[in-house]
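The following blocks contain the structures, represented as structure tokens.
Look for chain A in each of the two complexes below; its partner is chain B in the first and chain C in the second.
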Partner chain A sequence: MFFRIERRLEPAESPMAIAIAMGVAILFALFLGGGLFMLEGTSPVEAYGSLLQEAFASVRGFGFTVVKAAPLSLIALGTIVAWRSGFGYLGFEGCFLIGATATAAFAMQCGEGGWFGVMHFGIFIPLCIAVSLTAGGAWAGGVGLLRTRFGGNEVLISLMTNYVAILLVQYLISGPMRAPGGLPQSERMPPETWLPFIMEGTRAHAGILIAIPAAVLVWVLLRKTAVGYEMIVNSMSPPAARYAGIRVDRIILVSACLAGGLGGLAGMVELLGVQHRLVDGMSGGVGFIGIVVALLARLNPLWVLPTAVLYGGLTVGADAMQRSTGVPSSITFILQSLIVLLVLSSDLLRRYRIRALGVSVSIKGST
Partner chain B sequence: MTIQAAEETPLLEMREITKRFPGVLANDKAFLSVMRGEIHALLGENGAGKSTLMQILYGAYRRDEGEIFINGKPVDFADTAAAIHHGIGMVHQEFMLVRPFSVVENIILGLRNGRSPLLGIDAAARVITELSNRHGLVVDPFALVENLPIGVQQRVEILKLLYREAKLLILDEPTAVLTPQEKAGLFAVLRSLAAAGRSIVIVTHKLHEIMEIADRVTVMRDGRSLACIRTTETSESELAKLMVGRHVELKANKEPIKRGLPILRIEALQALNDAGRLAIRGISLEVHAGEILGIAGIDGNGQSELAETILNLRRPIAGRVLLDGYEITDLSPSAHHARGLVYIPADRRGVGSVSDLPVRSNAILGTQRQRSWMYGLLLDQSKILTHASELVRRFGVRTAGVDFQAGKLSGGNLQKLILGREIMRDPRVIVVEQPTRGLDVGAVETVWAELLAERDKGKAILLISAELEEIMNLSDRIAVIYEGIIVGLVDAQGASVEQIGLMMAGVSEKAGDVFPN
Partner chain C sequence: MDLSQFISAAFLVTWFTAALHLSGPLLLASLGEIYCERSGVLNVGIEGTILLGALASYLVTHLTRVPLWGLSAALIAGLISNIFLAWMYVTVRASQVVVGIVFNILCLGVASFVYRLATGEAASPLPVAMFQPLYIDGLTNLPYVGVMLFGQTNPFYWVLALTAASSFFLFHTRFGLALRAVGENPKAAEAAGINVKGMRYIGVLICGTAAGAAGGYLMLCEVGMFRDTIVTGQGFIALAIVILGRWSPWKAALAALVFSSADALQLSLQLFSVPVPPQLLLSLPYVMTIMAISGLVGGKASQPAGLMVPYEPN
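Right, the complex of A and B next:
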């Protein structure tokens, strides 16, 4: 026997071990993806070069990366709040759309000749945040209520509510909110309501400036407050939570509303930062990819932003790679899926070590 | 074989058995030797390696090193079927019976009647009746298991082994669920089996039972077999010393009682269990300041439901709970805490603590909203750290630190953490359920001493325990619970084990009639 794989007594838990395991997983995904490029007759080195170049090394591309990262981080934060309270919410597509719709309804009245008229941006933005938070929070809060009142399964219900929201938006933009013209879409938002760009010569908008404090606030909530403590206890052991006098139902409702609110905020950011109109399919799966980002960040709010930037960059870079090398876009989706799959399974690496001829080769950890 | 050459060959011999689990050396060159017709006790604290050794013998675990001989021949059991084939049988602590099946169906379960496609129930029933008559294991072969009391279910488990012609019977903590009377019956059966040439290993940590029933005893500690001694040549205190590694005194030193005013009053309380059946059928009790009221009873007679209902973790369907004369029946659990009523649940890992959180976080479980932990709106980690460190120090919780995961503490240390946490809230009433279940002798001493200290400080304590020894040692008054009602309330002084035992079995104090099921 030249080598054997041994189970560790305990998984290596040091940040170094986690980083190395993730790095190995990403490299392995790129390696597997490279095989697909070769089938297409493209050089993997060239393809990956253009991916990284566009996503992180060019100002314009990085601007796009930031644009992608903002809603992703907000949805990832919502996922963390829900899941860290023991509320298995999956309805962020819905929250995103409902938040965007409410923002659109409000912002449309904030231009020249609207009900509210043009207001100072410093007043408009907090109001907008409140509107989208409330709308998304109410949407998810309904699911929370079904769970706490009637014992409904929040996973199933929240998935179903996504379709309700998608169809609701389709109805609104082909009916009451439809703008004149051939396409089913709403009027363009008044330019006074658009989020300002924050990087010269790019599309990067101020949405990321909302996501950064949101991440810090979620971290403070979960790590530093009694409510956060109760949320975490509830997710880990509902019987212990009840024993400790925690009002479990209320904790679930609070976390549902907060998670949905963050999802709604993501919709607002996308509407006022990128689309500027309510259009069909504007969520584009961000409500699910945000969950993936949360998982990749190991449900740690402070890891959400870097992870969202990386993941957003991957999307932007993949588009660029497709343009420059002509590989089909399905390959980039496969690549993304591989990365998610392998990173999530990289925990396995931390549980085992390889012994070869008496020499131990393993990720350095605390054990 | 040379060692035993002069004597008779033992039925079973296990030599230098070593078994490693991740992070633990469960068995370290352990040995065990059992003669034909012998009752052999395997004694040790939790985690001493008794269970592992028995699981290896029964084929459930593979040993890493060592040898096993049956009748002098080396054997190697790949699985439990192989062990059964060699005449080894085991009665687990949790019975492995199919409850809606009859006794005979349970006994022949998994056995083929030759090549016949028929079960041959009647023939089997005749064999069972014959076996049960011979060994005093009275049981109706056609009774459904779910209708049988625990003690009779245990007989079914033993009959199952006899039917399979087991030569060596392993009984894991066989007396844990029995009343004193049932225990006496079991011991008579075991003696009869030994006299008929079968060998019996009983796994236990109860010293007086070993002295009563066993011929020889093997003491285990830290995975090693320390000694194999004849019970006629040893004493309880010597065995205790061997088992724990130091001198222990398992007698609680009780101050004379200074009973104060009644604090907790329960009136005609009724509650359902999780299955929706009436578990508490009208219980009234009064607990005074400065006394321990013990609730004795066999597990599953409504004890947990009673504790949960007092704390309003379970909604009562009738009756009242009063603290100092004020009704608190419908107040939230946290309002109970705020009024000085605390609860130490039987399930330490699932309810009393959060296993995945560190000791420090568990130290504030239940008091997380308390003002004194706060710095403005935020939890002040330095105050929590101070509190957790004091808790660990004052109650002697052995932990690698306050950031150590609570779930990785031993049972005794986790219990000290929970008990200490609740005591440090300076309560007026402590409801404590099975406080020493599964704990080491050393931890039992600490927990008992802490409870008595609280009693002497004038706290009212409701002690729910299935361990009669614990009830007798700590209580000032003893109430016996049977099928959701209190069948007797006696003063601890002058109460006898027999009297309590009869009541635990449902025989009432005065008339002596059995309560209806």
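Right, the complex of A and C next:
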């Protein structure tokens, strides 16, 4: 035998090992994706090329990429706040919808002839942020309360709350908030409330300008503040946190509200930036894809924006590719999820090393 | 609209018949999930598996025109796709929630990709042959209960049999005891000589097979044509049913009936044009589940103690 694969006592933990394992996983995912392109009769190189070109090399396409990235990154940040505190929240679809609904109810009264009248944008936007933060925060805070008061499992509860929110929105747009007309949807928001476009000739709206400071704030919260420290301790070991005098229940509640608030903010951004009215199915799974973005960013707030832009770009590029070559855009779902699954399973690589001719080779380097 | 029409026999019969009809796939998927969760793995990937099962049964029935072949294909699709899931859950020991959620997105992509690849640019989806309702002379034409009890499609009765079988396997066999032990206290189970990882693989694979079959059931008894939006939360409803049914087959059957009754009532009320918002009825089972998980109704829900904890042998 020239080589054999042996198990390590501990998985390799060096940053290099992690980076190489991730790289191998991503390449493998792209390779599998390439196989799918070939099934469709398209050259993989050409397909990936046109995918990237549309999303990042054309101004119009990049605008769409930014549009997709804004809500994704806000939800990813919410995921980080929750999961980094040991609160396994999965209800971002719900928070997104509740945030959008609250914003819609508020913004509808801010046009000509509304209760509040037309406001200066510098007052209107902070108010909108407050409204959506509060709504999303209260929605997720409820789950936090059920967990801390009654010990319910937040993973399962939050999954169920998504459906309650979806049904609530369906009810509102087919009943109380329904606009006259055939489709179940709300009135269009007054144009004065729309988020301004920030790039000439594109649909890119100011939502990303909310996501950027949010990312920095979440980073500061987790890295530089006492509350953030307590959150992280709690996620690592609730008994240790309790022993250290951390008020675990309060930390869970705070992180639930904050995470939900960020999810609500994502809903506001999508409503005022893209949809301009409340419609059924407006989330389009963003509440789950945002979680995936957070995972790929390894729950690091500073990596969220680049990851979200890449992810958004993949979606935009695939849509363009479908239009030009007929390759179904569903291929992005496959690519995106394969990348995550393979990155997760690449942890397995770090548990082994190869010993060849008496020299051990592993992704950590020789040992 | 007066109340008498509301509780007329015709209304009740329509309602209950539809409720039983709709409960089938939900119960089947939940039965599988019970095995899986009893072994300590929360399989959130059940939603995607149902979709794959529905697709497989659609394509195979389309080719063979025999629904039974379609159902078998759904079963196999569920089994094969869940080998990967089981590997991720048990061998890689990745976070079960994360893997499940991402797997659902993967299935959405795979299903719509394969469907397009298989059918080309077909303009409108073609309906396939479906299971026909049972008809037993003398029973099905009984007044009121005839159609309700003896006029369902065949898979419904198979699922009932499976419920009884599952109840027996889980609570009256060595296999069931081992499976539950692995989910409650894997360390102790291992010490008692039970293969923890093996049992968990079995749990996930049973779940996958059942979920795939549930997809086939949905396709061949309820929908009859494929769109990638036909599975709208049935997998998550199955998760809710398992909790509401306290991880036991017969109680899960009752819980499935709660969900399907709400759905059927909503449909019947629309049929009889009663002005109750359907969303209110549809959301009630979810609210009930949330309260059940929190222990606000029906006492504390006690999930298997090892649920969601990957097992790492020393």
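The working rule: the second predicted complex is superposed on the first by the 319 of 367 C-alpha atoms of A that agree within 3 Å, B and C clash if a C-alpha of one lies under 4 Å from a C-alpha of the other, contacts with A are read in each partner's own complex, and residues count from 1 in each chain.
We take it that a residue touches a chain if its C-beta (ideal position, glycine included) is under 8 Å from a C-beta of that chain, and two chains touch if they have at least 3 such contacts.
Since we're looking at a predicted model, the values are computed, not measured.
Once the two complexes are overlaid through chain A, chain B and chain C fit side by side, free of any clash as defined at the top of the document.
In the superposed model, A:Thr332 lies in contact with chain C only, and not with chain B.
Touch criterion met: A:Pro239 reaches chain B, while chain C stays clear of it. Touch criterion met: A:Ile157 reaches chain C, while chain B stays clear of it.
In the superposed model, A:Leu36 lies in contact with chain C only, and not with chain B.
Looking at the superposed arrangement, the partner reaching more residues of chain A, out of chain B and chain C, is C.
Applying the stated contact rule after C-alpha superposition, one finds that A:Gln170 touches chain C and leaves chain B untouched.
Once the two complexes are laid over each other on the shared chain, residue contacts for A:Val45 go to neither chain B nor chain C. Our angle of interest has its tip at the CA centre of chain A and reaches the CA centres of chain B and chain C; in the overlay it is 80°, to the nearest 10. Within the superposed three-chain model, A:Val220 lies in touch with chain B and out of touch with chain C [touch as defined at top]. Between chain B and chain C the least C-alpha distance in the superposed model amounts to 9 Å. Once the two complexes are overlaid on chain A, none of the chain A residues touched by chain B in the first is touched by chain C in the second. On chain A, the positions that touch chain C within their shared complex are 36, 39-40, 88, 90, 146, 149-153, 155-157, 159-164, 167-168, 170-171, 174-175, 285, 288-289, 291-292, 295, 328, 330-338, 340-341, 344-345, 347-348. Within the complex formed with chain A, the chain C residues making contact are 42, 44, 87-88, 91-92, 94-95, 97-99, 101-106, 108-110, 112-113, 116-117, 228, 233, 236, 239-240, 243, 277, 279-280, 282-283, 286-287, 289-290, 293-296, 303, 308.
By the touch criterion stated above, chain B contacts chain A in their complex at residues 22-23, 313, 332-337, 343, 345, 347, 350-357, 361, 364-366, 368-369, 373-374, 377-379. Contacts from chain A toward chain B in the complex involve residues 7-10, 220, 224-226, 229-230, 232-233, 236-237, 239-240, 242-247.
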